[in-house]
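Notes to accompany the following structure.
As written, the chain order gives the labels A, B, C and D, with residue 1 at the start of each chain.
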Amino acid sequence: MDANYIAILPELILCGLGILVMVLIPSAGREGQARLGYLSLAGIVAALVASALLWGNQGTALFGMVFQDAFGNFSRILLLFASGSIALIALPYLRREGILMGEFFCLLLFATAGMTFMATSADLVMTFLGLETLSIATYVLAGFRSKDLRSVESAWKYFILGAFSTAFMLYGIAFIYGTAGSTKYQAIAEAVSRDGGLPITFAVGVGLLVVGFGFKVAMAPFHVWAPDVYQGAPLPVTSHLAVGSKAAAFVALLRIFQQVFPGLEGDWNFVFWTGAVLTMAIGNIAALAQSNIKRMLAYSSVAHAGYLLVGMAAGNPLGAQGILFYLAAYAFMTIGALAVVQVLSRPGEAGIDLDDYKGIGFRFPFLSVSLSVFLISLAGIPATAGFMGKFFIFSAAVQERLYWLVVIAVLTSAIGLYYYLRVIVLMFMHEAESEPPAPTLQPSLRAVIGLLILGTLVFGLYPAPLLELANQAVQF
Amino acid sequence: MVPTSHYLILGAILFAIGSFGVIFRRNAITMFMCVEIMLNAVNLTLVAYSRSFNQVDGQIFVIFVMVVAAAEAAVGLALIVLLNKRRGTLDVDQIDTMRW
Amino acid sequence: MFDGYLLSLILALPALGAAVLAFLPAENRSLLRNVALAACLAAFAASLLLWTGFDPSTSNMQFVEDHAWFELGGFQARYALGIDGISLFLVLLTTLIMPLCILASTHIKKHLKAYLCSMLALQVGMMGVFIALDLVLFYLFWEVMLIPMYMLIGVWGGQRRIYAAIKFFLYTAAGSLLMLAALITLYQYNVTPNFNIVEITGALSDGRISIPEGTAYWLFLAFFLAFAIKVPLFPFHTWLPDAHVEAPTAGSVILAGVLLKMGTYGLLRFCLPLFPEIALQMEPTISCLAIIAIIYGALVAMVQPDVKKLVAYSSVSHMGLIVLGIFAFNLQALEGATFQMLNHGISTGGLFLLVGMIYDRRHTRLIEDFGGLAQVMPRYAVFFMIITLSSIGLPGLNGFVGEYLTLQGTFLANPVYAAFAATGVILSAVYMLWMYQRVFLGKITGEANRQLADLNLREMAVLMPLVLLALWMGVQSSQFLRPMDASIQKVVDRIEQAREPQSFRVENLGR
Amino acid sequence: MLESFWILLLFPLAGAAVNGLCGKRLPHKLIGLIACGAVLASFLVAALAFVELTGRAADDRLVTVSLFTWIEAGEFVSRAAFLFDPLSAVMILIVTGVGFLIHVYSIGYMHGEDGYYRYFSYLNLFIFMMSLLVLGDNFLVMFVGWEGVGLCSYLLIGYYFKERFAGDAAKKAFVVNRVGDFAFLLGLFLIFREFGSITYLDAFQSVQSSYPGMETGFGILSLITLLLFIGATGKSAQTPLYVWLPDAMAGPTPVSALIHAATMVTAGVYMIARCSPLYSRAPETLLIVAVVGAATALLAALIAIGQRDIKKVLAYSTVSQLGYMFVACGVGAYAAGIFHLMTHAFFKALLFLGSGSVILAMHHQQNIFKMGGLKKYLPYTWGVMLVATLAIAGVPGLSGFFSKDEILWQAFSSPQGHPLIWALGVAVAGLTAFYMFRMLFLTFHGQERIEMGHHDDSHGEDDHSHHDAKPQEPGWSVRGPLGVLAVLSVLGGLVGLPAWLASTNQLHHFLEPSFHYQFVPEAHGEHSHALEMGLAGVTTLIGLMGIFVAYTAYLRRPHLPEQVSQRLSGLYRLIRQKFLVDEAYDAVIIRPTHWLSKNVLWKVFDDGVIDGAVNGTATVVQIWAQQLRKIQNGYVRSYATWILLGTALLFAYFSYFAA
């Protein structure tokens, strides 16, 4: 038991840099804020490199509060990649909206640190702290366009519901602590395997824990906040909510349920089964009726939580591997799609109704084709990472003989095809109703979008490398 | 000595009060206060368990929770101020710009 | 010359063409067309090597390429390509139809670059379906080709193109998603280290893999549904008329010429060898649907006011015959059905090309708008006649051979089915000739028809290969049948094995 | 030449190809020359091969040549192989011989028509297809020819495609034939299933070994033969599928002569003769064939009486005569059938060509009531027509007499025959004589009622210039073939003299080897020559009576027909309206099918039920979507309630499970 600060080097970099940025904000001046953004980006990249270098380490660190393992590092890299892309995408957005302030990046850094802690945490206290670091930073981020009521409303709804569900989760942690006598994962796992039939309080504790994570990943019926909050939050924050915070919650869930409670199998995979079905159905069906692309993507994000929950319901290593792969694929396509939406939108987040997409297909080919690729991937059509992810997760579910779950998943994704395709229909097959000015596409954004497309397609055609890494990651 | 279960039951009652408060109160600040009640109910539970185990882990956790709650309160109250500014009311039932 | 990567080359050439197109200026239309055409022709030339190098004496896969792709839960999905007698000609059909389609697309002015890219992407997808041996790879290609087709219908289609495109996509995708579920389930029983269809079939037939009958039943249904929708078999056919009517000419040609074959190919390659027992059990139901499709498609075709819709419903009828042949489970019927797949590609593809040509001139496809065209467009009338005759199975042309063998085989399996199915022979003559009469014969109606120009050289160049092929296949049929022999015999043997559960079980006990 | 007889196929094919592909640019003379030359070459090859064949021993008169394997799938093999034996030799001589004459005739007849090259190309193609049909050594090659001649018939009937009726008639011919082909195909399938081969010789051998005697009851053989026969009723215009032939007269007259009288329509008879090993073992089918043949003969003869169009009279006459041939087959007298086929080819071709000559002279007037007295203007045509009419009427000494008489004798005396069938045949003979002479008298004799035709502007511009001119004899190319055919019509009967006139019936004798595998039942008893002669006398008498009645009604007392028709108005109307068969088909089959397809299958089932279900699913999902989004009402308190509800459920579930 020692500190071994090297093991949490990425988090140290993030937090340190976050503090530094916070300190520098006043002195940077108006023009310097962008430079703070790049500084943060550099920090995220550095953290990413650090995580990569830590690949291969084993054991625990920080006095047993965090694990060092492939799973943690894989998740870290994934989360850092998401945050890095979001930081890069956010810069032109913030400038356009006139809210280019260093606070954004500093909050993003803290949120990222919270996420990576969730991924490596070995203790419920640590998990809670990570979650809260993430949440509190994100509450603020959601309201970052403070001049706009929608953004504030979004932040408020996220905040109050987030705090509400956190309370449930905390209560759950309290029960688990009260039964197992410790908040350490290992100790809890030992307690579970030692006296198989744990008292009701433990089961209830686990249930309440699911509420907290279910809220974060937008599992029905705890998804109710997601559409409103996603819609109101600034676009890069929507990305962050949809990808970063969801992925962090999923990896934490995975670790808890795969590593700590494997003995509970029969009980909780029914919960995930039901949750998955509800989530997929509600997400996909409600998305059909949306007229705002951001809100539609919010529902789509709910639906994808459902697919990921299918992997949770499977509860086997294959499922874990599939979830990790899917999360990566999901990061590519969702960040990409929202980035294109951002480019196509006008200041004040205008022009994000589906009708605004009519006939733009052949006018802005790069953007339209990119958006199409991301949507196709989200729809799970092959040659994209989205398909591979679904394929792996469904395979895992079938391995556990969850045939009906897979059939439902397949049917709901068939419904989902409709709304993804509708955007393509609007872009390419309708005539434009007005002549919107050409959007400006910064080189950096073009590069990010290009990179994300590359990721979507390459891992769609040749998933082996990522899949292999994910495989290593789930060897707990 | 009061048995642990009494603290737990008290905690549960507090928690229930808090959660129903969130649902039934329409004022933003009151809602937030109800969430705080829930957090404190959890704190009580943690402390009770901690005492029954004769260890400090739970109590340390409570301190973390309090810190987090404080941070949350800071952010939350700031948001409520902002909300009041933008919407001109704290009645949460009138804050429904985004729906369906 | 290209041993070991010929199939990859054929697959890559159109993709390469699309990549090159992406970097060419959109204004230079003829350059774009020529590049696309060159890519297609190159693929066609390469595919001819397949034929010359094909060994008809074996049922093994040939031109095999097999590389690791990815590994999942102990299984390996592999980049495995190969062809046998069943897929050989389907590949050739694809590579032949594509350049013709590009030649026939001069009326496309809007977004030409995207159009050509879609076509080439479509070709990659379709080719892949026919040559993939790995189930995952197969599924990948199977779905990939939906998107470009969807774009072709939706962007370059007619009035109700959006409805038709979405209908096409959702209908077919819904089916294929269920197939995905079945495909995944199949792996649960797999004991071979990978998802190679040949190996899985082999393992199934020697009993190393056994699937409980209840499961096999559902798996079969899922596969079958996906293929039946693609075929399309009654009652899953209603996407077809809409898609055909709205699609641009080349889209319709590809749809009829190649895409539908993917369904019947799937039945032949997957449904039968994987689940022969269930196929045997389900045969009465499926055969009945096929017979209904034959008669129903023909009857509904008869009363269509729109030429394209008529041809679309005739496809339903023809494809029904192919399905019936496939489920007759004997060599004659299966070879006939496979041959008929090629025929249908040529004759129906040709009909759509012809309809497209008149649509370019008159911008209508309603039969009642035409009349007496034989007088103003004699060459057109002749080509139309020949293709019509091929479609209605006139002996001496290709259609007859396929129809005859299929029906002969079906008759051997069940005379009553054959008797019902053979009514299609009468009905096809009724609807095609009636349509021909109303469009071409009689007095010229309407001033617009009087002004029509006859076919030009380019259009004749598009049609000529199909006509020659129709003749060649009709006369030298055995050249096309012989390479199929061994591969189809293998499918038949597989079914025969399943027919005799006794000996099969004994074999299992011995292990 | 015998071993390479198959090259006779190539000439017409080449002729068709040359004329079809580049005929547009060739001069008309050359087109005619190519076409006629091709058929002549075929005829010469056939003749040489025939001569060589006769030179061989009787049991050696069979040559097969296999060119390539056409279709092969497992045991199913069909080669592009050809068979030359006495039967096919006779047939091919008729086809190419009569075909050549009609080609020559066409040069004159079609002069100045649009699409001259097209016509000759089709005609050559027809000869090719007919040769395939006749020479094929297996059922499938025969079927190629079978359908191929159908195609040519379609193309040639629709030759005047600018006219609506031509298109209608062509389509009708094809479709009705397809109905027959449907059965024919089923017959082929059954043959392959039962005998394992579709090659004639193999299949017949197999029949012989598995059926040493006749089949008892209605078994597989009867089914096979019945199915094939249904095919034949389509091609050879027998009841109930004869309806297309009268309409087929829409084509140019030489086409009617060649295809719809002399050759194609007799394909069914040839097919049955070829399959005699099957038919002779299936008495049940034979009875059906005989009855259908006799009934058709009678029905068509009755209808012919009421026709006013010269070609329609001939068309129904053809149907009727084909009925005779089927009667012959039906009583097991295949050679007699082929004999009548041959003589019929001569005199009916002559009749058609003669009528063509009349039509040409009358500027496409075809109504015999608008002719009359033409003998004066067209003496040559009248002469040859008279010969042909006498031949068909069965006047002794002419070809028709011998062949018809043999059929009737066989119908009476053969084990499968029956006096009733004979009686029917005799009655038809009388009717035939009556309506043929009715036609002849109305056309060439009596009052002049000449009204020139106003044929459509489309054919031959020069038609207009001399509308008022009197009818004129056509040129040499028309007259020449008429003469040759007239000679054949007179002498053609000599190859098959009956037993009471000659010691051997040469045609019978020659054809014998082709019926090698035939099962010949034992005759029930001896019939004397005297009986045969007597019956012939009866037939002749009846025929002469028919002629006399026609003479009385149409020359001596021209008002008689009107009186009779008024007296028997019901029957007369029925005959005039061709027993309403077409109308019945229309009302019972065509209209209901069309209505059903359009209103029920398409509009209700396809668009309504199936598409309704598909679109309905989409609508239902959309409705769900509208409902589900309502959950998201924007109120944070309601969201909190959902969360609490979910928690409660989880709580309940976990406490239940742990307990």
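Here is the rule we use: a contact is a pair of C-beta atoms (placed from the backbone, for glycine too) under 8 Å apart; a residue touches a chain by one contact, two chains touch by 3 or more.
None of the values given here were measured: they were computed from a predicted structure.
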| item | value |
| --- | --- |
| Chain whose Cα mean lies nearest the overall Cα mean | C |
| Per Cα centroids, the chain farthest from chain C | B |
| C-D or B-D, whichever has more C-beta pairs in contact | C-D |
| Between chain C and chain D, centroid-to-centroid distance (C-alpha), Å | 37 |
| Separation of chain B from chain D, taking each centre as the mean of its C-alpha atoms, in whole Å | 97 |
| Rounded Å distance between chain B and chain C, as computed from the means of their C-alpha atoms | 64 |
| Whole-Å gap between the CA centroids of chain A and chain D | 78 |
| Where chain B touches two or more other chains at once, by residue number | 19, 22, 31, 92, 95, 97-100 |
| Junction residues of chain D, two or more chains touched | 618, 629, 632, 634, 636, 640 |
| Overlap residues in chain A, where contacts from two or more other chains coincide | 156-157, 160, 164, 168, 227-228, 289, 418 |
| Set of all touching chain pairs, with the criterion as stated earlier | A-B, A-C, A-D, B-D, C-D |
| Footprint of chain D on chain B - complex, ascending | 19, 22-24, 26, 31, 92-93, 95-100 |
| Residue numbers on chain A that touch chain C, as the complex places them | 317-318, 321, 361-362, 365, 376, 381-383, 387, 391-392, 394-396, 398-399, 401, 403, 406-407, 410-411, 413-414, 417-418, 421-422, 424-425, 428-430, 462-464, 467-468, 471 |
| List of chain D residues in touch with chain A within their complex | 618, 621-622, 624-626, 628-629, 631-632, 634, 636, 638-640, 642-643, 645-647, 650-651, 653-655, 657-659 |
| Residue ranges of chain A touching chain D (in the complex, touch as defined) | 156-157, 160-161, 164-165, 168, 197-200, 202-204, 206-208, 210-211, 214-215, 220-222, 224-225, 227-228, 267, 270-271, 282, 285-290, 415, 418 |
| Chain C residues within the chain A interface of the complex | 68-73, 111, 114, 136, 139-144, 146-147, 150-151, 154-155, 161-162, 165-166, 169-170, 173-174, 177-178, 180-181, 184-185, 187-188, 218 |
